[in-house]
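Listed below are the structures to be examined.
One chain, subunit A, appears in both complexes that follow, with subunit B as partner in the first and subunit C in the second.
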Partner chain A sequence: MDCVLDGNCVKAFGKAIHALSRIGDELWLDPMVRGLALRSVNSAHSAYACFLFSPLFFQQYNLGSVSEEGNETIKCKLVIKSVLPLFRCLSSIERNVKRCQISISAPCDRVMIRFFCRHGITKTHNVRFQESEALQAVFASHLCPNVLKAPARLLGDMVTHFPVSQEEITLSMTSLRVSLRNYFEGAKDHIKTMHTEISLHPEEFDYFQVGVDSDITFCLKELRGLLAFAESHCLPVSVHSSATGSCVVCRPVCFSVEDMVLEATVVLATLIDSEIRGPSQPTETPVPTTPRCVHAATLPVGSCEARSNIPHDITAVTELVTSSQDSPIINPPALMQLLPQTDIPNEFCVPDAACPSTSTTPASTVICSLLFRALSSDEDDDSCAAGLNVLACYSDGEETMEDYPRSFLLGEVTQDALHILTFCDVAQSRSK
Partner chain B sequence: MTVEEDENGSCDTPGAILQNIRPTRRSTTFATMPLSTQSQADDEQYVLVASLDNARNLSNILKAITFKDHAIFTATPNGLKVTVEDSKCLQANAFIQAEIFQEYTIKEDLVGFQINLTVLLDCLNIFGGSTVPGVSTALRMCYRGYGYPLTLFLEEAGVVTVCKINTQEPEEPIDFEFCSNNVTNKVILQSESLKEAFSELDMTSEVLQITMSPSQPYFRLSTFGSSGNAHYDYSKDSDMMELFRCTKTQTNRYKMSLLKPSTKALALSCKVSVRTDSRGFLSLQYLVRNDDGQICFVEYYCCPDEEVD
Partner chain C sequence: MKFRGKIVDVACLNHFSRVITTISKLTKMCVLRLTPDNLFFVLSEKVANGGVSMWCELSQANFFDEYQMEGVSPEDNEICLEVTPENLSRALKTVQSAKSVKVKLTKKHCPCLTIAAELPTLSSISRVVTHDVPVDVIPRRLWHEFIEPSVPDFDVSIYLPPLKTMKNVVDRMKNLSNFLVIEANLNGEMNLKIETDLVSVTTHFKDLGNPPWGDDSSQDGGPSQGRDPDSMAEARVDIRRLQQFLMGQQVNPSKAMCNIVHQRILHLILLHEDVSLQYFIPAVA
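And then the complex of A and B:
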């Protein structure tokens, strides 16, 4: 693979690497016909990011010797720490770098990154890589009932209100408002820490679709990189999410930006608080009555009612939800209708056998994680990791992506409720 | 080392009598007044007297070579040379010509002593090294000769401090036998371009390899670190290249740990000359402009780590 970026694009490329460095320690470089993908995943496999630069982004983009042996292009895995210093000082890159050449050649184990700078100076870096299977998360964004598209700075401005140390935040969506608040584990934190909640009216968004009222909690730190990238490129950020329809199903949230020449996606696992899932709740089928019970119950009801700008309806709905833990609730008709439409067939639910164990564990937070296994495309489903009930493996290369069923499937691995989710590629499946 | 705060009375050490300086007295000519009140008779005792209106003109340049505690001071009628060495492989010299000093008197052809450089710098900065414009520390450096301490009179805003720093027997500085006749390759670069390269150098690399050649890559700095290697190439036509005189392709490696201190000198300098001789010895010469725009030089000599052809 051999590609050349011109000066302006080097800065964008560098920013992508900065954003990816916030996710994980390793960077997957995947040159494909449809562009160069940079991907990273965190060690807990609960956050994934992908930056895809189309060939148009580059001055030159050659995949090299793909045709001859019929081999795929080399996919490599680099240590982010060895690449990040090359792009650390973006302002000096902007000033000095005229062109950047990146090439991977088969015989050697190095990626060559060469900066052609002003004043006749050339900087060449040969960075060691490991050959690796492509990393890819598959996420059916078109199946998400909730879609937001926020103008470039909106989300960035919202998150600046949270302290840098804030690990997780909760995004709540109803048809009348969207809010972000910080998330705390355990009741004891409520007293000592500062609670921040920011609400936005749907009109603030470029696109607003809330199919199912939801509260989702995810890691903020890992998102900040993408938000910084979006802000610097003035790109709107799309948010695709689902409600936590049943007590054991947890769906990740996907943040993405795109423009003519690049697409960036961050997929984050969301948190389920199993305190909510008491033994009294049925576990075989998703319970339509508890779409938002996950987080509402952990928050003081008072905070919902205190806000003066909330229309009366919202308050009523919130109250309904918080009481759902104790008594059956009567849902507004809207909620009932939406749930069956969200293409989450019951048969994809976690097998019953696994459920009781999770619902009877003591109140502890269960984190859904995305697990990306380097499976080759012809590997049999049954040979997946022991105990898995994964019904399909994610694709390994671009060619298999096209035929891949657009659905997500899940399985449960262990007693301590590690969920494995596989998703279709956002970029491919997105059809707006 | 003894430091005596002398505000109200005369100093009791022999040969260093100051007029009484009362804290309430203020004068517009802070720099020269108190120190110049020393009587002529006392100066007779000193083999070396050097005065600066702004002590930073000495301390800044000494900071560029402070990677070891001890330095060898060699004073000649031409000026002052301060030498610091490391493991017999690296030598750094700072030259402050006689013209830089407001007063420079030397009674012998060569005056030499060894002194603790860290302590000297602490004394030169004893008033805190403020950068308020118009306020500077004046310095009068006096040396009576072999066996005597180096006496510093430092004054700022009417307050005088006298420092006496013990001196040691000067060791003979290494003679790297680097002479101009033997120089095979020489380039002069504007420091700006090298500063960035040196700040980005991969510190996990044990060596810094310098390649100089009349053909491509002309002038190349290379590192071999844990994550891969890096090369910084400067074309001979670069506008950062003020002089390019390479006769033979040479590649030499130098220990990164030895060359790292030279980045301080690089940071102060505006131009740097890089020369290698037939043995692969490296000479880096930095042109430094002090606060008053005067030129001083710092040079580093380094032995090659191994010969690479």
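And then the complex of A and C:
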């Protein structure tokens, strides 16, 4: 793959890398016919970002010769720490760099990034990569009942009200208003921290569709990168989400921006807390529990909340991940990887919400990892791809096999092993 | 107990935020006393603070357009709350462009000072931002700890040099020593001194002027009577406390002065138009 960006675009490219660096430690460079995709996933697999630059973004875009294996070129996994410094100082890039060339050639394992700067200076950087299939979060956004499109600065302005250290926020949507508030876990934090809530009127959005009243909680830190990107490009941000259900399957939320030459998407897993309910939330959403779903919900998993990018938690998460996978309690087909979490005493209460506590289970908040699938045969549809051994679809009560709302596949196909992250309801898996 | 105040003027909001930010730089937690006419931020002297204490008085009419309060009881028409000023400061910082800001005492998950702001938007309907700052209500039996401190029987009272200059000097001195001696006399001279085994540094300020306490002072027969104008009164203080005080100042006060009780206390007073701030730093041996 060989492509050339001109000066103006290098800055946008750099901004994308900044945004991706907020998500995870690794960056997948994925040159495709429809453009160059940059992807990143956080270690807990609860956040995914993808920036897709179409060939029009580049001055030149060559995929190079078709490789022997098929129609795909090399897929590279880079460590963000080695790429980010190259694009760190965007203002100096803007001033000095006239062109940037990025190329990957098959025989060597390096990505070459070459900056052609003013005064005849050329800076060449060779960054080693690992060949690796990238993950792609599959998100059926056209099936989401709740869609918001916010003008460029709106969300950015909203999040300034929250301290930079705020981890998670809750976005509530009803047909009358949209509100953002900060989220706490644990009774101790709850009492002494400052609660902030911002309420917006639907009129402020370019597009407002709330099919189902919902509250979703997601990690704010991971989103800030995309919001900064959107603001700098004055692009509106679309938010696609589903209602929270009382089933334990998580429903991610997707933030995206696009213009003619690029698309950026961030998919974040949401917290499930059966006690977070706005006043308008129906007490019992009809849950299309398939038998396995119910089974999954009652898995006696010791749980611990997964956090992205928090060093002290990562080891805990990774340990528990393996243990939950090895746990004999979990039946392979209904493997629900609930990232472990310490049991929170049942004192969590939300002001003026009549908490319809679901039964006797203590309030437990769970972040599910997103479901991914390999990119092996991605390009066309976000439906189940052939070739994956295990596909899982979760249907929302609709029995049709054609469209499975909110289905999230998962599977990370590495060259070595098929690694199943999460899925549910294998009965509905199908092969095409 | 009820409290409800509303700030509508941008300049007042700005000023109010800056006062609170200054307080937040001085102390992590303090007591807010609300009376029908004033707000007081009080830090009482405790070993944990290193013996410093603070008294900041704001006249509510200068900030609030609307101000209603009902104290604990008709005889004790006051409210005493323990609050973390940094939370308040953060909350106010984000709403500087608001059309109006209401501050109310509420009970949510715990007693809170709720800051509710209406932010202007392009559409006709404003955005509402609410910050709930948790507070602790101080019971009446403890109120005696938070009364206005009396001006001590000082030996010298002198106007301070420009705070920025003083801050620069103190910042650099902090690198050399943990304690600083501040001395002044009635001739308008002040010295800041540090002394270590290796080096001693003194910065001299002249022609500062001495405030005329005269009848205004609360103690009898002013200390300046019969005192040799050249004789210095000094106090040796922890330099970090002084630095903390100087760091937090956001606005140049109309008057800045200090009273020194020889080898006992350094009493700093800042007067703005509508806010007065007093800070007491005990002297160490």
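As a working rule, the second predicted complex is superposed on the first by the 275 of 432 C-alpha atoms of A that agree within 3 Å, B and C clash if a C-alpha of one lies under 4 Å from a C-alpha of the other, contacts with A are read in each partner's own complex, and residues count from 1 in each chain.
Keep in mind that, in the parts below, contacts are C-beta pairs under 8 Å (C-beta built on N, C-alpha and C of every residue); 3 or more make two chains touch, one makes a residue touch a chain.
Model, not experiment: these values are computed from the prediction.
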**OP:** Tell me which partner A:I198 touches in the superposition: subunit B (first), subunit C (second), both or neither.
**Re:** second
**OP:** Scan A:H161 for contacts with subunit B and subunit C and give back first, second, both or neither.
**Re:** second
Original post:
Between subunit B (first) and subunit C (second), which, if any, makes contact with A:H119: first, second, both or neither?
Top reply: first
**OP:** Provide the residue numbers of subunit C that touch subunit A in the complex, in ascending order.
**Re:** 87, 90-91, 94-95, 108-110, 112, 121-125, 127-134
**OP:** Can you check the complex and tell me which residues of subunit A touch subunit C?
**Re:** 160-161, 163, 190-201, 203-204, 349, 351
Subject >> subunit B residues within the subunit A interface of the complex >> reply: 193, 196-197, 200, 202, 226-235, 237-241
Original post:
Along subunit A, where are the residues that touch subunit B in the complex?
Top reply: 79, 81-82, 85, 92, 96, 110, 119-128
